[in-house]
Amino acid sequence: MQLARVTGSVVATQKSPSLTGKKLLLIRRVTPEAPWQADQTQREEVAVDSVGAGEGELVLVTGGSSARHVFSGANEAIDLAIVAIVDTVSR
Amino acid sequence: MQLARVTGSVVATQKSPSLTGKKLLLIRRVTPEAPWQADQTQREEVAVDSVGAGEGELVLVTGGSSARHVFSGANEAIDLAIVAIVDTVSR
Amino acid sequence: MQLARVTGSVVATQKSPSLTGKKLLLIRRVTPEAPWQADQTQREEVAVDSVGAGEGELVLVTGGSSARHVFSGANEAIDLAIVAIVDTVSR
Amino acid sequence: MQLARVTGSVVATQKSPSLTGKKLLLIRRVTPEAPWQADQTQREEVAVDSVGAGEGELVLVTGGSSARHVFSGANEAIDLAIVAIVDTVSR
Amino acid sequence: MQLARVTGSVVATQKSPSLTGKKLLLIRRVTPEAPWQADQTQREEVAVDSVGAGEGELVLVTGGSSARHVFSGANEAIDLAIVAIVDTVSR
């Protein structure tokens, strides 16, 4: 899974039915170094939220078919999902 | 999912049957910064449209097996699909 | 799907049975700009042809499990397939 | 599979049920050269441990649907797993 | 599939059962230009051999779920497999 920061949200009326009723959050992957802030050189991506994440939070995102499997029911269009809100990162 | 701009379209006569009757749109991923214009340093890619997207629009694209699952019926050759037209991106 | 140019072909005697009888073509992804020539900075890759593509042609390649699904019968070792020969790209 | 070093661990209370009871380890991919230390230019990622790996160890990580399949039972949110602790790398 | 050179091998005692009895080879992807030597700027990766490849040989590697499908029986931890030894590359 990838570490990312939630940076906003996206609204789309015309979309795949499997995205209906789902929270589309804007995320940005983090810098290689603590404290894992959003890496401004990285393009923002859109992930479907599965844990109630809020703006600015450090989250785990999963991709590909795993992202789809996180959601039971209609899920076909999903290839990126937020699957955890990080409490602590320790070294 | 990835944010991209529709930049054109592609026609191919000789193709996998699963691409027949499908709209093949040229897309380019966006720059890391608002207002999310097409990033000219990025190679253009070809996505199958599932929501009636038009040239210049800001869209969400999904990849891999999820892109295939967006289309019922013959879909095997698809690994990139447009799954939403973005209305707003808010921070 | 990705835009690429066919740049050659590969012969391998010792290989997965699922590659037997299949045309292994050398491809190189294209530059970000028209007229979509092969991008010499990109590593060449090997795709299984499904549409009779020839050297120099502009083609669409699909990757991952979708590439496998393009071929009925033995297909397990395939993760990149040529699925269309491009006639026109319009903007 | 990819060579990586374990660099820490992550705790998340709010998460996909399929991550409950699983060890979430922080990993960093290695440099191109021996002795395969963590490559500081690479973003840290989070992998689910399946072999009891400890901090600093050189491990193999697998990604995508394969990472999911490593874990029987609830596994949907997993797209990166540690699947071996490396004893020796020989050339 | 990707062109790569076999550069060594890896031994791991503590590993996923699906890697037991399998040859874990160190590979490096090749340079963009003939004669396709190992590209020293690329990180080495670990692929499961399915064709009896030897050190220094030019091989084809396949990734993702396709790599898993190359091996019948226990295969879950595999996301990279050597599927051919290249005889010739012609342009």
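Labels for the chains are A, B, C, D and E, by order of writing; each one numbers its residues from 1.
The rule we apply is simple: a residue touches a chain if its C-beta (ideal position, glycine included) is under 8 Å from a C-beta of that chain, and two chains touch if they have at least 3 such contacts.
The structure presented is a predicted model; accordingly, all values stated were derived computationally and were not measured.
Rounded to a multiple of 5, the Cα-based rotation taking chain C onto chain D is 145 degrees. Each chain gets one centre point, the mean of its Cα atoms, and the points for chain A and chain D are 19 Å apart. With centres set at the average Cα position, the gap from chain B to chain D is 32 Å. Contacts with at least two other chains are made by residues 64-65, 67 of chain C. Here the chains link up into one ring; start at chain D, go to chain E, and the full order comes out as D, E, C, B, A. Chain contact summary for the complex, chain B toward chain C: residues 7-16, 18-19, 24, 26, 28, 40-47, 55, 64-65, 67-68, 76-80. Residues of chain E that touch chain C in their complex: 1-3, 29-32, 36, 39, 50-52, 60, 62-67, 69-70, 81, 83-91.
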